[in-house]
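I am attaching a structure below and will ask some questions about it afterwards.
Just so it is clear, A, B, C and D label the chains in written order, and each chain counts residues from 1 on its own.
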Amino acid sequence: MKGLPPVLITAIVLVAGFVLCALQFPNIASTRVVCNLLTDNAFLGIVATGMTFVIISGGIDLSVGSVIGFTTVFVALAIERWGMPPLVAFVAILALSAAFGAAMGAVIHLFDLPPFIVTLAGMFLARGASFLLSTESVPITAPIYSTVSDFALRLPGGGRLTAVAIIMLVIVIGGALLLQLTRFGANVYALGGSRITASLMGVAVGKMTIRIYMLSSLLAGIAGIVFSFYTGAGYSLSAVGVELDTIAAVVIGGTLLTGGQGSVVGTFLGVLIQGLIQTYINFDGTLSSWWTKIATGVLLFAFIALQQVMIAIARRPAVRPAGATP
Amino acid sequence: METGPDSAPCLLEVRGISKSFGAVRALQDVDFTLRAGEIHALLGENGAGKSTLIKVVTGIFPRDAGIVRLGGVEVAPRSSKAALEAGIATVYQEVNLLPNLSVAQNLFLDRQPMRFGIVREGEMRRRANALLAGFGLDIDVAAPLGSYSVAIQHVTAIARAVDLSARVLILDEPTASLDRHEVEILFKIMRQLAGRGIGIVFVSHFLDQVYEISDRITVLRNGRLVGERETASLPRLELIRMMLGRELAETTSARASAGEHQARGVCASFKGYGKAGYVAPFDLELRHGEVVGLAGLLGSGRTETARLVFGAERSDQGQAKVEGAPARLQTPRDGVRHGFGYCPEERKTEGIVAELTVRENIVLALQAKRGLHRPLSRREQDEIAARYVKMLDIRPPDPERPVGLLSGGNQQKVLLARWLATSPRLLVLDEPTRGIDVGAHAEIIRLIRELCDDGLALLVISSELDEIVTYSDRVVVLRDRAHVEELQGEAIDVSNILAAIAADGSTIAQEGRP
Amino acid sequence: GQLTIGFSQIGSESGWRAAETSVSKQEASKRQVNLKIADAQQKQENQIKAIRSFIAQNVDAIFLAPVVSTGWDAVLKEAKEAKIPVVLLDRDIDPSGKELYLTAVTSDSVHEGAVAGEWLAKTVGEKACNVVELQGTVGASVATNRKKGFDSVVAKHPNLKVVRSQTGDFTRAKGKEVMESFIKAEGGGKSICAVYAHNDDMMVGAIQAMKEAGLKPGKDVLTVSIDAVPDIFKAMAAGEANATVELTPNMAGPALDVIAAFKDKGTVPPKWIQTESKLYTASDDPQKIYDSKKGLGY
Amino acid sequence: MTALLPRRGLAQIFALIVILMVDRAVSPQFFDLRLQDGRLFGSMIDVLNRGTPVALLSLGMVLVIATRGIDLSVGAVMAISGAIAASLADSHGLPVVLAAALGAGLVCGLWNGFLVSILGMQPIVATLILMVAGRGIAQLITEGRIVTFTSPDLVWLGNGAILGVPVPVAIALGMLILTGAVVRGSALGLLIEATGGNARASDLAGVGTRAMILAVYVWCGVCAALAGVIAAADIMGADANNAGLWLELDAILAVVIGGTSLFGGRFSLLLAVLGALIIQTMNTGILLSGYPPEFNLLVKAVVVLAVLLLQSPKLTGMAGIVARIRGTKA
């Protein structure tokens, strides 16, 4: 009736891209590369899930990259220097990042300020705070780290479904369910449709705003922990620029930056598309720094354009014909 | 507890409410009393303060002074959520619902049926269907609300509020975009609710409806209370005098003879014009100095015809001619360039630029027509704005006010002014009198006649058949997105139109809706 | 057959880095090695991804120029499991991973800072000297180390004093901007005796700022910086710069030799192959060095 | 015509004055000016001079944002035009160099505008493509090196002075006047504001919204290219890796500090430039303060929040309410 939903189109684009890459580099079509894709983009998938909520609600969160950076430094110092047990450190940093997000949400709501700028200030703040904690990178030696980073479900074909990949998949699925099935999720869409209308319809807009940014920062905190598992260290410059990658993933996944439409599954596909582009470039290996950038841009364009064309085709009969009463 | 003269318990009591927006005193010391089980009409000119009063009562706007009592207890809701919790449900005039959510989600937002923290989608749809069925609607409630016409959206908003209303139901111009049939259903439901002891506030500019449904009337003028009367004992003329503070000038309808227009020549003509899946191909001729009315049920394709004629939508078949010469009308710019104008029915999303001032909104189309390099000087702009503010009696008469802050009816007048300023040869008006008060309504109809006398061609859509009959020289009747009949001269009257609309024998009760 | 080596390069944030990349390519083609370069755009996560994809492609060896010293354990373990030797270029990684790589061809950036400091200490002698410092990117390990090395020398010489220290992000533009404000803050630059910059690019910017302020860099104000890129020699030749500490862009050459020996004969190299941190001053015929370095892709 | 500084500029001016005062406090010579080699010399001049690139970017960005768009690629466009200018500078005359560099900016703007207005892509991703690829193109031109030049004409653009005023500052001022004259002297300003306020309504009113959108991206590209030329002229070289890096965020920040909403509509050129000055005044203050650089970002965050809160209608509203409550109690 409505043609293919955008998420499905994005999935088709992804699969088509994957097949094309695999034709050129047969090694790509292995469980190993697919699992690498999940592992390497685990933290991105997690923050992007949170970002999806923010963007659907009509906002944006530029602070996530810095929150990841801060988290890694905090966790490393807490475990290595301040002698906190790792789990306590995790709880502490998650509480801290959630509070940080809530504070940004509260500022956005109470003072009616644009999220772009409030979270930009948040980005400066979190990055600045991590510089204050430590400008040097701090290795983490706690046993839990090697346990977690060594853990992996081995798949035939050399693939290793790592712990961080599993955490990411769980969060993506949880996020998708939260968005689609709960009242909270419906309210997120409502806010994105129109804050004013949503408030007139009885949605507690202020509370929702605070919770949405809290969720985003919380997930950024989790992504930070995952990042620290991934690298086994805390470093104040880690995840610089991740906010843009995240936003791009969300938008490629079919979420409207103006809010009100989108899905977590789409975002996940967007993350994979970006990962695939990078994998392709790495496999090619002949590109200089600048050609890497140009190729990334061109591939990004190709994916988005293909997606748009397909969506346009799917939407062709713009107005439902008369009498098509369901 | 205070009891009214008819000894029904007093439900909602508003005393001494005042509210200013900067220098504009929207409400001054207004009292209002709603009794349980009554339908109370709140009337007044555009900008009288009706919507503001409602928003103050439901806590959207903080009030400057005054108190609100609900069931004898003083309440001060700080948001519409709080108002809802106190039992006051409202359909606001401007803001409807959320187009990106499904119809069902819109109906049950923030109160979805839940189990284990998860929304019961199926149950919600079932309830949504049941609720809408009460309004004679049978639509796919899982589809986004935005894919339905304004009318359906409005019915949905009303259904939501009706379902929510525990003690008080406030309807701010609920009937503006409905046609007769929906209005009848709505009235039936209102009567049922009133019978259950719910107090209903009803705002409308349709005096017939007011007399049909209301028990009591409160009139505001310029933000002040004029008086409260029993509907039965208030003659219509007296009511109009209360609203306007003066007598209403008589509108005479002198219909020109067909021959006269033939003499003036054809302004624009369309042959086999249409777009697949949008409107069936139609022939239409618009002559100078003539008003063509488009009549039909909601969803019959009137708006679609208007958009094709103006160029807001690309046609894919047929031929258009302007002043006898073939013309390309594929974009709004084409339309503007050919001297057409178009007042869309969706004022908020397609009409006004809320942030810009009255002046800027008025000169917008003219400026677009003149092009970039021939800017209107500020003096010219001021002059044009002042002229139309005066001519259409836009209130407050301040051209530097952002349009978004004007009352709904006044926004409509600004739109009309925007196109009049371009001195068009053809003006397409989609529901031009929607939300416009009696005084201005008469003004606009007078204006339409006057414009015709100056040689303007008009294509007017209105759900009010009386109105169409008053000014049209010809009436085209549409059904199921096709032009089915054209009435002329003496044949134009309400019963003939109704007959044409229902000609295929389908009962009006189940119109084919998308 | 022909060796295939994956090189995870950091990016191209500076002229020096570009030179390292192009020198690596030259060295590889000299030895007929197929060098696959993955540019990480300054991101560690990209480097890890690149190493993983090298492993997936089963390359013969991996070169890694780590953007940061920590966080390589997991991915290098994977490389070890896949029996692919790893050589670190230009920067060392955290000690916990010593057994995870074959060798490291690096310079010692703390030492570089110290060499710069020693030169300054020697040049000013007993005279009191106010130094302003242009730091690299906050948090970058090179910046931290070059500061550390310099500070260690300053600590030993009470006549040297770092009066201002701000980041110039390793770039010319920021180096110039920061130097401009140093000059204003230090009374028109009269009290500045020397400038120490964590890289030459910032120094080139700072030299411009000094000239515009009417100061004479190289004479009124001593300059010492690190990297030895061609443009600093041009400044030296013009008498506007005094000293630079070389960081050679040829790290891949020694690394390729090590790998070749390791593959052919199984020779296990020492864990650290330190490159020289050579000091150049105006007395080293800067024009000649400039001409020789010009073609290296800086 | 509207007054030069609308009433809503008061918050920005107030913020600027406060930051200037703070700068004066951390650096007593802040307001000192002297003539050095025929050009003015002092911290205030540095503020203007260093603020020029962001001011130029914000001139284009403010128009893009007024149409509800955003342009993330300006930093990359700066790098491209700088690279082109530097590579041509020593072999061609200034007119050719400028034409090539600005032409490149124009093409970049056309590309962005095409993606946004014709293909209907969301502005943030549309311009993200050029943000990523554009820096690559710039590096391709310079091959990753810092390309230096000695052409005195181009150097003059960065370091010269007209009547003591640094040339970049004069150029920025000229561009402000030019943009202002074009935008407010024609109907462009109104039509852009209408497009940003309600694109559908404007389209129906006959405003060629697509052309408007295309035009603002083109202008944004040209402004960015000019900024890139000046940045290259300033350091007598094109640093494709770092020129304009992260400046898009500063430009957006300047526009928002200047009171233009990211949701489009009303805009003010002058206030956007004022926003750029506020940012630079803060940056210069940080440099003069002598605090360790680890604090830079924290200071920036606090100042940005403070400036925004100052403008928040809610805050002034609250202050009003507080005042009233106090008043009624007294």
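Here is the rule we go by: a residue touches a chain if its C-beta (ideal position, glycine included) is under 8 Å from a C-beta of that chain, and two chains touch if they have at least 3 such contacts.
By chain, with names taken from UniProt: A = ABC transporter permease; B = Sugar ABC transporter ATP-binding protein; D = Sugar ABC transporter permease.
Small disclaimer: the values here were computed from a predicted structure and weren't measured.
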Pair exhibiting more inter-chain C-beta contacts, A-D or B-D: A-D
Intercentroid distance (Cα basis), chain D paired with chain A (ABC transporter permease), Å: 29
Inter-chain centre distance, chain B versus chain C - centres from mean C-alpha coordinates, in Å: 71
Whole-Å separation of chain centres (CA-atom averages), chain B against chain D: 44
For chain C paired with chain D, centre-to-centre distance based on mean C-alpha positions, whole Å: 33
Shared interface positions of chain A (ABC transporter permease), touching two or more other chains: 131, 135, 288-290, 292-293
In chain C, residues with contacts to at least two other chains: 11-12, 18, 21, 138
Shared-contact residues (touching 2 or more other chains) in chain B: none
Touching pairs among all chains present in the structure: A-B, A-C, A-D, B-D, C-D
Residues of chain B that touch chain A (ABC transporter permease) when the two form their complex: 60, 79-81, 84, 90, 92, 95-101, 105-106, 109-112, 114, 117-119, 121, 138-140, 147, 160, 277-278, 299, 301, 480-481, 512-514
For the chain D and chain B complex, residues of the former touching the latter: 1, 185-188, 190-191, 193-194, 197-198, 200-208, 265-266
Chain A (ABC transporter permease)-facing residues of chain C, complex: 6, 9, 11-12, 18, 21, 36-39, 41-46, 48-50, 52-54, 56-58, 68-74, 77, 94, 96, 137-141, 144
Interfacial residue positions of chain B with respect to chain D in the complex: 310, 312, 332-333, 335-337, 342, 344, 349-356, 360, 363-365, 367-376, 378, 418
Chain B contact footprint on chain A (ABC transporter permease) (complex, rising order): 181-183, 186-187, 189-190, 192-194, 196-204, 260-261, 317-326
